[in-house]
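So, here come the structures, one by one.
One chain, chain A, appears in both complexes that follow, with chain B as partner in the first and chain C in the second.
Here is the complex of A and B:
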């Protein structure tokens, strides 16, 4: 966790943090209801349904990483040599912590997922 | 222009895949209706209900359509912005408003521009005498133009 002093030295932009987390949240909630429809069509039950949600939302986040986060890595790689010591899956340019990017939207989309999952399960199987 | 075409192509592809998706939904519904019909007719002879497992082509169609639609949604998201002040301000200096386009190719509504613009356009630095001279010139020229 960065200290107050580090925030003074390298300040963050609140508008950008808000913009990025809103973009991520919008995508997560949209795709979560889409995955609920798929799980309902496939007729998944209990643990396999939750596993389906977990796998597909991680896949979507990985797609977001590939198409939105990874191209920006070249933005600061030329300027700072500190990027060398960071890992391959580095999200520090756009998000405060990797946890926020990879797992932040999982719980938020779960309610919409279960809603459409049960709805379409009932529609298809009834 | 190429980016616009790409976005429109994404949207069209997503639409097409959404139709495939709804078709797979319809097929699954029809299949389960058929299965339940068979189950009721078979229940007259045997007591064990048949397990209604989906045919593999409907499963493949559903999963592929889901993946392609989510890919389209990912490509439709607005570009992210750097959160570190130095990276963000550097991008702003280098690219200007062009660095902050949304997915439709227009500058975002919440684009703030140069964060130091208040400092760079300080009223105290305005040369008021020069501006007054320019204004006098303009008035003189304008009067001549109106006179002619």
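Here is the complex of A and C:
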């Protein structure tokens, strides 16, 4: 964790971080509904359905990381000292914590997923 | 353990057209309506008179100086701190200086604080009234049907909740009645509203609660501004000043690797 003094030297802009999290939340809730549609059409039940959701939402986040977050992070860390300190899967350029980036949307999208999953399962199968 | 045979119930496909789609449509449209009702009912922020505004902003100025002292150089920080603390302690920024030291007025009698309470009441009403209306509408028209099957198993405890109005003992708790579809819609439609109305919509209760926790700004009811000023003066006085530019040459040389 960087100290308070390092935050003062390189401050974070709360509005931008909020905008980033909002964009991430939008993406995750929308894709969760769409995954629900596909799980319902495939007729997945109980554990396999939840596993489907877990795998595909993590896949979405990983794709977002590979295509949007990683290029910017490697461009910006020009100084060698800051590159050494940060790991491979670093999200601190755009988000507050790696937990928020990787797992924050899982619970938020779950309700939408269950809704569309139930609806399409009911329409197609039951 | 013997395998329990899967229950199948033959239902009229008309159930989908006359129960499922109406409930979903009504839920979505109510969310849209609630969003626009909240937008229309939102009262514009009341104009404060000059002295009240000065009281608020000067306190905010003190907080700003206190939390951003590291970007100021030492002489300019000292100048700001001295000016602010003398003004705070003499009560120069107070709205009515002659009422210094008296008890704050009762918040219920102050018309400006009544306004905020009315706004919160209105939001609550916009939530409660449509929900009770829709629930009683569903109970009156659609109770007693089984419309869908959940794709995941549940324990027997959910039976009374999901199959309200369907008094069949041996039915699997996965079968759900119309009222449980209502609850699913209630919790799961946020993403649909995000898609339809944009991110800052007021269609669901989650967004409403987030809005109420927003920054209030200024003084809450029943707080003595004079005491706040004195506390802020004390906070400013104890700051141990340093600047982010202290030792910047060393950091620069280290960064370019000399």
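Assume the second predicted complex is superposed on the first by the 112 of 126 C-alpha atoms of A that agree within 3 Å, B and C clash if a C-alpha of one lies under 4 Å from a C-alpha of the other, contacts with A are read in each partner's own complex, and residues count from 1 in each chain.
Keep in mind that, in the parts below, a contact is a pair of C-beta atoms (placed from the backbone, for glycine too) under 8 Å apart; a residue touches a chain by one contact, two chains touch by 3 or more.
Quantities reported herein were computed from a predicted structural model and do not represent experimental measurements.
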So, after the overlay on chain A, do chain B and chain C clash or fit? They fit
Exercise. Considering only touches as defined above, state whether A:94 meets chain B (first), chain C (second), both or neither.
Key: first
According to the stated criteria, A:45 is in contact with first (chain B), second (chain C), both, or neither; which is it? second
Margin query: After the superposition on A, what does A:60 contact: first (chain B), second (chain C), both or neither?
Written below: first
Touch check for A:16: first (chain B), second (chain C), both, or neither? first
_Just to be sure I read the superposition right, which of the two partners does A:112 touch: chain B = first, chain C = second, or both, or neither?_
second
Query raised in the report: When the two structures are overlaid on chain A, which partner does A:32 contact: first (chain B), second (chain C), both, or neither?
Result: second
Is A:122 touching the first partner chain B, the second partner chain C, both, or neither of them? second
Closest CA approach of chain B to chain C after superposing, in angstrom, is 9
Chain A residues contacting chain B in one complex and chain C in the other 26, 30, 79, 123, 125
In the complex, the residues of chain A that touch chain C are 5, 8-9, 22, 25-26, 29-30, 32-33, 39-40, 44-47, 49-50, 79-81, 109, 111-119, 121-123, 125-126
Counting only contacts in the complex, chain A reaches chain B at residues 10-13, 15-17, 19-20, 23, 26-27, 30-31, 34-35, 37-38, 41-43, 56, 59-60, 63-64, 67-69, 72, 75-76, 79, 93-96, 120, 123-125
Within the complex, chain A is touched by chain C residues 16, 20, 24, 70-71, 147-153, 184-185, 187-192, 194-195, 199, 244, 251, 254-255, 257
The chain B residues in contact with chain A across the complex are 21, 24-25, 28-29, 32, 52, 54, 58-59, 62-63, 66-67, 69-71, 73-75, 77-88, 90-91, 110, 112
